[in-house]
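Following this line, the structures themselves.
What follows is chain A paired twice: with chain B in the first complex and chain C in the second.
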Partner chain A sequence: MIGAFRTPSGGRIDRARPLRFSFDGRVHHGAAGDTLASALLANGVHLVGRSFKYHRRRGILGAAAEEPNALVTVTRDAARSTPNLRATQVELFQGLRADSQNRWPSLDHDASAVANLLAPLLPAGFYYKTFKFPAWAWRRLYEPAIRAAAGLGRAPAHPDPDRYAQRYAHCDVLVVGAGPAGLAAATLAAESGARVILCDEQAEMGGSLLAESAATIDGRPAQGWLAATLAALARHPRVTLLARTTAFGCFAGNMVALDERVTDHLAAPTPGLPRQRLWLVRARQVVVAAGALERPLVFPHNDRPGIMLADAARTYLMRYGVRVGRRAVVATAHDSAYDAALALHAAGVAIAAIADQRPTPGAAAERVRAAGIAVRSGCVVATTGGRQRVAWAGLMPAGGGATEPVPCDTLLICGGWTPSVHLVSQARGALRFAPETQAFVPDRPVPGQHPAGACRGVFGLAAALADGAAAGEAASRATGHGGARPWRGAVSGDTAWTGGGAPGLAPGVGAGRAFVDFQNDVTAKDVQLATREGFRAIEHVKRYTTAGMATDQGKTANLNTLGIAAAALARPMAEVGLTTFRMPYTPVPFGSLAGAARGDLLDPVRRTPLHDRAAALGAVFEDVGQWRRARFFPRSGEDMAAAVARECRAVRTGAGLFDASTLGKIEVAGPDAARFLDRFYASAVAALPTGRCRYAVLCREDGFIMDDGIIARLAADRFHVTTTTGGAARVLAMMEDYLQTEWPELEAWVTSVTEQWAVLAVQGPRARAVLAPLVDGVDLGTFVHMRMAEGRVAGAPARLMRVSFTGETGFEVNVPADFGPAVWDATLAAGQAHGLTPYGTEAMHVLRAEKGYIVVGQDTDGTVTPDDAGLGWTVGRAKADFVGRRSLARAAMAAPGRRQLVGLLTEDGMRTLEEGAQLVADPHEGPPMRVLGHVSSAYHSATLGHPIALALLTDGRARTGERLFVAMPEGAVPVRVTSPVFYDPEGARLHG
Partner chain B sequence: MLLIDCPYCGPRPEIEFTYGGEAHRARPADPAALSDEEWAGYLYLRRNPKGRHAERWRHAHGCGRFFNALRDTVSDAFLATYRVNETPPPPTIGPEAAA
Partner chain C sequence: MAELLRTLPLADFAPLTGRPVRLVAAAPAARFVLRARGPAAAAAAPALGTPLPAIACRAAVAGELAALWLGPDEWLLLAPAAAGAALHARLVAALGGMAHALTDIGHRQGAMLLSGPAATATLNAGCPLDFDPEAFPVGMCTRTVLARAEVVLWRTGAEAFRIEAGRSFLPYVWRFLEEAATASAAA
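Moving on to the complex of A and B:
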C-alpha cells in the first residue's frame, strides 16, 4: 500500500517498488520516485510542521524549492542529521527517517501554540518594542528565552563525518534549469559545437514537462520528447548533465556555483562518493532557464494544512499520482489554476467551486465550465475554517459582502507566477516590472547571460521552447560556435494563459492572520503596520517585518509583501522596487562550502625540519602564523615557568640549542645584489665585506620599521638575508616590487630559501666548545662576532654565522633541510658534556628582552622609526637614498613627543606586567586620562630574579628614572623607567 | 570571481593575484630633492576614480610578475592588462567603449 490517496496509474513513480519511511516516528509507505512530500500526501498527511513564531499548524504548500512550511529534519545517525530540508525536495528512500520541527511534545499537541493566542501582542518588530525594559533583562532574560523559543531545526551535536568534494569546471555554455527552455537551449548550443553543462535542481530533468500530459512536441507526447531529448544530450560528447544540482550563486565573470547532492538520495550512500559536490563553473555564456514559482493568495487564515498552491496540486497528481484531497475549492487570480482544476476533476477530485478574484476570468474559465465546474468570477476567499486541516472556505464577493462557507478538505490557491530572477539579480542584472504579467523580469541583459523562458516572463510550453532555443543559439554564437539546425519544436495541445495575478492582499479581505511570509510568520497586517510606522523603503519593510528573511528567502512571499506595501504606501509596485537577491538560492551545507578545508586541512601547518626532534624531547608547541614552533621543553614535574627559567639559565651559564628554522631566508644574487640591498634596507650593505654579517633594518617608504634581520655576504654578488618569521613573504614581495617596477635596471634576483635550510642556534658561553669538534673548514678561533663562513658541521655542508639573539656567544648553523635532524642529533651529543639544553620560543623571548632586542610587530606597531626603537645606529645615514630615507628626514620624525623604546621595572619587583597595558603618569587623573604609552613585552627574568618589560613611551629616553604607572586589571602598578637593556649592557658576553 | 588576464600567463582566477594600488606612479629619482608636500603627495595621494582606473596587479601565485591593468571601478570589468614597461592602452579600449 503506497498511500490511500494514490491514483491507480499515472505519474512517474514506480508502484512496483514500495519504500518504507517514517515521519515523526510513524511508519508510512511511498514509492520509488516519490519525494517525502508526495509520499506524505499520498498517505493523507498534510500537517507537517508548526510555524516559526505563532506555532500554527502548517501543511505542504508547494511541490518544489519554494516550499516554506514543510521543513523537516532527515536523520541517518547521530552525526548525520540534516535540519530544515524542504520535504518537497527530499527524495524518498528505503528507511528514510524524517521528523517535523518547531514543536514540543508533538505536532498535534504543541506547548508553544499558546503563542498563537498571544498573536495580538506579537506584532512586527515586537522584540524591539516589548523587551526594552529593564535594560539588564535583555541579556539575562529576554535574549536567552527568545533564542530557546526561536529557530527551526537543530544542528547535529557531532562533527560532520561525511566527505564533500569541490571541483572547477569550464564550459562554453552553462544552462541552468532543464525545463523546456533549458532543454531547448542546451540542445541547440551542443549541436552548434559548444561545450555545455546543463544542471537542474531536481532528481529528474524536465521541469514542467514532468507533469505534462496533454501537449505534444514534434508530434510526440511531451514526456516521450523529454526522454528522447535527454537521451540525446546524455550521449552527446560535449554535454555534461548534472541532475540534483542547484545553481545557487552567480559571481563576477560568469563564475556560477553549483551544489550537487551526490548521495543524499541513497538509502545506503556509496562508500567513496562524497555526500555533496560543489562545482565552480567558469562559463563563457550562461543561459538562465530557472523557471517561475507560483505565488499564494493572501487572505485571513490562508495557512491551514490542506491549503496548497494550485499547480503544486496538479504536479502531485500528474507526476506522483497523488490526489491531494477529495473535495477542493480553487481560489485564483490567474488562468493557470484552471489547468489544475481540470486535471484534479478528471482524476476524481470534486471541485466544489472556483473563485476567481478577477471580474472577467480568461478563456480558461469557459473550458472549465464546459466540464461542469462552477466558476465564480469576482470572488475571493475571506477566511477559512478547520482545525487539523482546512474544512471550509468562506467565499465572498471581491471587495466585500456576505461570506458563504463552502465545505472542502483542500483549498487550492494561485496568485500568479513569480519569475526566478535570482541568478540574474545576483549578476547585477537590472529588473523591470512588467505590468502585463505583474512580475519583475530581467531588463537590460547582463553581458554573457541569457535569461530564457518563464524566468523572464515567457510563459507557455511553445513560447518557452522557442525562447530557450533562441537563447541557446545566441549563447553558442557568442562563444564562436554556430550553425545548428533551426529550432522546429512544433507544439500542440499547449494551453495559453492570459495572465492576471496582482500581488498583494485579495480585494476586500482583512489583513489579520493573512500570511504573507509563511516561514517567518509575517502577516499582511505586519507589513501595513511597518508602513504606518514610517518604513517606506522595501528593504526596511523587509528587515522590520522579517518578510523574505527566512531560509526560503521569500520565494513565495516577496512579491506579495511588495504588493501590500505598495498598496499601503499608495505607490506603484515598480516604484517601490524589489529587495536584492542574494545567494544561495536554496540553503547549501557548510560542509559543501568548506570541502576538504576542514581540520588539519583548514590551514596548512608548517613544521620545521627539526619538528620531530623537538616533539621527541617532549616540546610543547605553539602556533606562530602557520608555523608550529617548540615553545618550551618541560621535564617531568615542570610547568612552563619552571621550564623556561631552567632553559634561560642554561643559555646564560652553559649552552642552549634552539630551532631557528622558521626565520625567513632570502638569497639575493646578481651583479647588482649589493646595490639593491643598499637601496632597499635602511642599513648600509654595499661595503659589507664577504664573510661578514650585518644586522639590518627595513623601513617602509613612510620611514617606519617593517622588518629586520641579518644580511650575510657569501660572495661579491651573493647574499644570504634573513627576515622575521612572520615577515618572510611580505619582504620577498616588497623586494620583487622594487626590483620589477622601480629599479628594473638592477641585475639582482631574489629567491625564497626559507624551507631549504634548517637553522640550529647554539647560544651560550660554552657554545664554541659545543660546536668546535663538529665544525670543519672554519677556524672558530678567529671566527668573531658577526662573521659568516661556509664549511661543514657534523659532516653536512653548512653556512655558519656568528650571530646572537640572546646576548651570549652565539652561532647559527644553517644546513640543508634534510641534514637538519642528523646535525641536531650530533650537536646534542657533542653538547652533552657542556650541558647543552634545548630551549624554545618562550625562553628565546625572555633572553632577547633581557638584552632589549626588539621583535618587529611586538615592540613595533607600524608607527615606530629605527630611532624610536633605539636602532638609529643601524641606519646608513651616509647613503644618498634608501627606502624610507626621505620620510625619516621629515622634521616630525625627530620632533619631541615620539614614543621611544624603554625598559620598565616594577617597584615591587614581583608582578609581571601585561603586554598591551597602558602607561600613565597619574593613576588618579580623571577621564580622559593621558596615556603615555604601552607595555610591548613583559616576562619574568629568571636570570635577574625579577620581572622585566619593554615599553613604547612618549619621549621615553628622556624619562629614564621617572616613576610612572601601568594600568593593570587589579589596579595601577608603579614602575620605574629604565634602559631597555637589562643584562650585560656593555655587550661583553657577545664576544666571549 | 574575476578573471584576470596576466600579460605573461593568460587569464587566471582572481585568487592568484594580489592588488598593488594605482599604476604609473614612479618613485622619484631623487626623493631628497622633494619638499615635504611633494613627498607626501607621492606617498599618500591617489586618484581613486569612479570609472577607468590604471592599477598594479601581481600574479603572486603564478609567474610572480607585476603588471598593470585598466579596470572600471563601477562595473569591476577589466578593460585591458599590459606590462609595466608599456604605455596604457588608449581610452577607446574595452567593451564599454566598443558598446
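Moving on to the complex of A and C:
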C-alpha cells in the first residue's frame, strides 16, 4: 500500500519498490521515485508545518524548489540532522525520518499558535515599533524572548560527521536545467563537439517532460524522447550529466557554483562518498534554461493546507501518480491551470468549479467546458474555510459582490508564471518587465550567457525546444564549435497558453491574512502598510516587511509583493522594479562551502625539520603564522615560567640549542647581487667582504621598517639573506617586484631557500666548546662575531654563521633540511658535557629583549623608522639610494615628537607589564588623556631578577630617567624610562 | 664518518594504492633552480643533455634529468639524488663567466606521484586548472595552487602527475590529496 490517494497506474514511481518512512513519528509508505511531499500527499497528509510568525497550519504548496511551507527536518542520527529541507525536494528512501518544525508540543496542537489570534497586533515593523521602551528591557527581556521565538528548525549539536567535496571543472558550454530547452541546448552543443556540462536540480532530468503525457516529439511520446535524448547525451564522452545538482550562484567570468547532493537520497550511503559536492565550473558559455515557477494567488486565508499551486497538483498526478484531493476548486489568472484541471478531472478528481479572475478566459476554457467542468469567468476566491485543511472556497465576482461558499478539499491556485532569472540577474544581466506575461524577463544578453525557454518567457513545449536549440547552437558556435545538424524536434499535442497572470492582490478581496510571503508570514496588508508608512523603494518594502527574505528568497512571493506595492503606490510594476536576486538559489550546507577545509586540512600546519626532535623532548608548541614552533621545553613539574627561566639561565651561563629553521632565507646570486642588495636594504652591503655577515634593515618606500635580518656573503656574486619568519614570503615577493619592475637591468636573481636549510642556533658562553668537535673545515679560533663560512657540521654540508640573537657567543648552523635531525642529535650529544639545553621561542624572546633587539612587527608597527628603533647606525647614509631613502630624508621624519624605542623598568621591580598597555605622564589627567606611547615587549627576566619591557615612547630617548605610568587593568603602574639594552650594554659577551 | 642519516619528509605516509587513484612519495631528488637569460640559458644545454624548454610551462626530459619551465628566466632542474653533485659541477663549468644563478633546493621541497583514472578529478578538488588533455597536455608543468598550498605540477603521463611542494607543506598536500582521492574515487 503506497498511499490511499495513489492512482491505480501511471507516473514515474516504481510501484514494485515500496518504501517505509515516518513523518512526525507516524509510519507511512511511499514508492521509489517519490519525494517526501508526494509520498505524504499519497497518504492524504496535507498539514506539514506551522508558519514562522503566526504558527498557522500550512500544507504543501508546490512540487519543487519554490516550496515555502513544507519545511522539514530529516534526521539520520544525532549528528546527521538537517533542518529546513523542502519536502518537495527530499527524495524518499527506505527508513527516512522526517519531522515537522516550528510547533510545540505537536503539529496539531501548537502552543505558539496564539500568535495567530494576536496577528492584528503584529503588523510589519512590529519589532521596531514595539520594543523601543523602556531601553533597559531590550537586552534583558525583548531580545532574549525574540531570539528564542525566532529561527526555523534546529541545527544538530554534534560536529558534522559527513564528508564534503569540492571540484573545479571547465567546459565549453554549461547548461543549467534539463527541461526541454536545456536538453535541446545540450544536445546541439554536444553534437557540435563542445565540452558540455548539463546540470539539473531534480533527481531525474527532464523538467516539465517528466509530467508530460499528451505531447510527442519527433513522433515519439515525450517521455520516450526524453529517455532517448538522455541516453544519447550520456554516450557523448565530452558530456557530463549532473542530476541532483543546483546551480546556485553565477560569478564573474561565467564561474558558476553548483551544489550536487550525492548521498542525501540514499538509505545507506556508500562509505567514503561525500554527502554533497560543490562544483566550481568555469564555463566559456552558459545556457540558462532554469524554467519558470508558478505564482500563487493572493486572497484572504490563501494558506490553508489543501491549497496548492495548480501545476504542482498536475505534477503530483502525472509524475507521482498522486491525486491531491477528491474535490477541487481551481482559482486562476492564467491558462495553465486549465491543463491541471483537465488532468485531475480525467484522473477522477471532481472539479467543483474553475474561478478565472479574468473577464475573458483564454481558449483553454472551451476545452474544459467541453469536458463538462463549470468555468466562472471574472470570479475570485474571497476567502476560504476549514480547520486542518481547506473545506470550502468562497467564490465572489471579481471586484466585489456576494460570496458563495463552494465545498472542496483542495483549492488549486495559479497566478501565472515567474521566469527563474536568478542566474541572469546574478551575472548582472538586465531585466525588463514583459507585460504579456506580467513578469520580468532577461533583456540585453550578458556576454557568454544564453537564457532559453521559460526562464526568458518562452513558454510551450515546441517553443522551448526551439529556443533551447538556438541557444545551444549559439553557445557552441561562440566556443569555436559548430556544424551541428539543424534542430528538427517536431512537436505535436502541445497546448498553447494565452497567458496572462496578475501579480498582486486578487481584485476586490481583502488584504488581511492574504499571504504574499508564506514562509515569512507577510500579508498583502503588511505590504500596503509599508507603502503607507513611506517606503517607496521595493528594496525598502522588502526589508521592512521581510517579504522575500526567507530561505526561499521569495520565489513565490516577490512578484506578488511587487504587484501589491505597485498598486498601493499607483505606479507601474516596471517602474517600481525588482529586488536583487542573491545566491544561493536554494540553501547550500556550510559543509559544501567548507569542503575538505576542516580539522588538519583547515590550513596547512608547517613543521620544521626538527619538529619531531623537539616533540620527543616534550616541547610545548605555539603557532606562529602557519608555522608550529617549540615555545618551551618543560621538565617534570615545571610550568612555563620555570622552564623559560631555566632555559634563559642555561644560555647565559652555558649553552642553549634553538631551532631557528623558520627564519626566512633567500639566496641572492648573480653578477649584480651586491648592487641589488645595496639598493634594496637600508644598510650598506656592497662593501661587505666574502665570509662576513651584516645586520640589515629593510624599509618600505615610506621609510618605515618592514623587515630585518642577516646578510651573509658567500662569494663575490652570492649572498645568503635571512628574513623574519613572518616576512619571508613578503620580502621575496618585494625583491622579485623590484628586480622585475624597478631594476630590470640588474643581473641578480633571488631564490627562496627557507626550507632548504634546517637551522640550529647554538648560543652561550660554551657554544664554541659544544660545536668545536663537530665542525670540519672552519677554524673556530679565528671565527669571530659576524663571520660566515661553509664547511661541515656533524658530517653534513653546512653554512656556519657566527651571529647572535641572545647577546651571547652564538652560532647558527645551517644544514640541508633532511640532515637536520641527525645534526640535532649529534649536537645534543656533543653538548651534554657542557649542559647544552634546548630552548624555545619564549626564552628566545626574553633573551633578545634583555639585549634590546627588536622583533619587527612586535616592537615596530609600520610607522617606525630605523632611527626610531635605535637602528640609525645600520642605515647606509653614504649610499646614493636605497628603498625608503627619499622618505627618510623628509624633514618630518626627523622632527621632534616621534616615538622611539626605550626600555621600561617598573618601580616596584615586581610586576610584568602587559604588551600593548598605554604610557601616560599623569594618570589623573582627565579625558582625553595624552597617550605618550605603548609597551611593545614585556617579560620577566630571570637573569636580571626583575621584569623588563620595551616601549615606543614619544621623544623616548630624551625622556631617559623620567617617571611615567603604564595603564594596567589593576591601575596605573609607575615606571622609569631606561635604555632598551638591559644586559651587557658593552656587548662584550658577543665576542667571548 | 658514517653516512649521515637523512630524514625524508614523507617517510610516515603510507602510499595510496587504490585503483582509481595512486599516490606515492617520489624518491629523493636533486633539485636546482636555474635563473638565466639568453646565451647563458642556451649554454646550459650540453650540461643537461637537452636545451632548456623555451615554451612556457613545458618540461624537457633527458634520460633521468628534467628541466621544468617555471618562468621566462627560471627553470626547475630535477635529477636523481645521486646525480646531483655531478650535474651541479657540469652546470657550473658550462655557465662559468656567464650571468646566472644556480641554487640548490634539493631539500627545500619534496615530491609525490599521483596517478590513475581519477587523478585529474583528485587534483581538481583543490586546483582550479583545466586538466583536459588539450588544455594541459602530457609534458606540461606549472607553478599553481592546490587548496592552500603552492605546488609545481608536472603531467608526466595521461593519468600521471608529479607534484612538488615545499617541505613543510608536504604533509598537508598529501593529506589533502588523500582526502580528495577518497571523495573522487568513490564518484
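Going forward, the second predicted complex is superposed on the first by the 991 of 992 C-alpha atoms of A that agree within 3 Å, B and C clash if a C-alpha of one lies under 4 Å from a C-alpha of the other, contacts with A are read in each partner's own complex, and residues count from 1 in each chain.
Here is the rule we use: contacts are C-beta pairs under 8 Å (C-beta built on N, C-alpha and C of every residue); 3 or more make two chains touch, one makes a residue touch a chain.
Computed from a predicted structure; not experimentally measured.
Trainee: Give one of first, second, both or neither to describe whether A:A889 is in contact with chain B, with chain C, with both, or with none.
Mentor: It touches chain B, and chain C stays clear.
Trainee: Which partner does A:R606 contact after superposing on A: first (chain B), second (chain C), both, neither?
Mentor: second
Trainee: What is the contact status of A:E742 with respect to chain B (first) and chain C (second): first, second, both, or neither?
Mentor: Only chain B is touched by A:E742; chain C is not.
Trainee: Just to be sure I read the superposition right, which of the two partners does A:A594 touch: chain B = first, chain C = second, or both, or neither?
Mentor: A:A594: touches no partner chain.
Trainee: In the superposed arrangement, does A:R282 touch chain B (first), chain C (second), both or neither?
Mentor: Both: A:R282 reaches chain B and chain C.
Trainee: Which chain A residues lie in the overlap of the chain B contact set and the chain C contact set?
Mentor: The answer is residues 280, 282 of chain A.
Trainee: Touching residues of chain A toward chain B in the complex: what are they?
Mentor: 251-253, 255, 280, 282, 447, 701-702, 733, 736-737, 740-742, 744, 880-881, 885-887, 889-891
Trainee: Once bound in the complex, which stretches of chain C touch chain A?
Mentor: 1-2, 4-9, 28, 33, 35, 37, 73-74, 99-109, 121, 124-130, 132, 135, 147-149, 166-169, 171-172, 175-176, 179-180, 182-187
Trainee: Under the definition above, what is the set of chain B residues touching chain A in their complex?
Mentor: Interface residues on the chain B side: 1-3, 13-14, 18, 20, 26-27, 30-32, 34, 36, 39, 43, 56, 58, 60, 64-66, 76, 84-85, 95.
Trainee: Which chain A residues qualify as touching chain C in the complex?
Mentor: Per the stated touch rule, the residues are 163, 165-170, 195, 262, 270, 272-274, 277, 280, 282, 595-597, 600-601, 603-609, 626-627, 667, 669-671, 747-749, 751-757, 794-796, 816-823.
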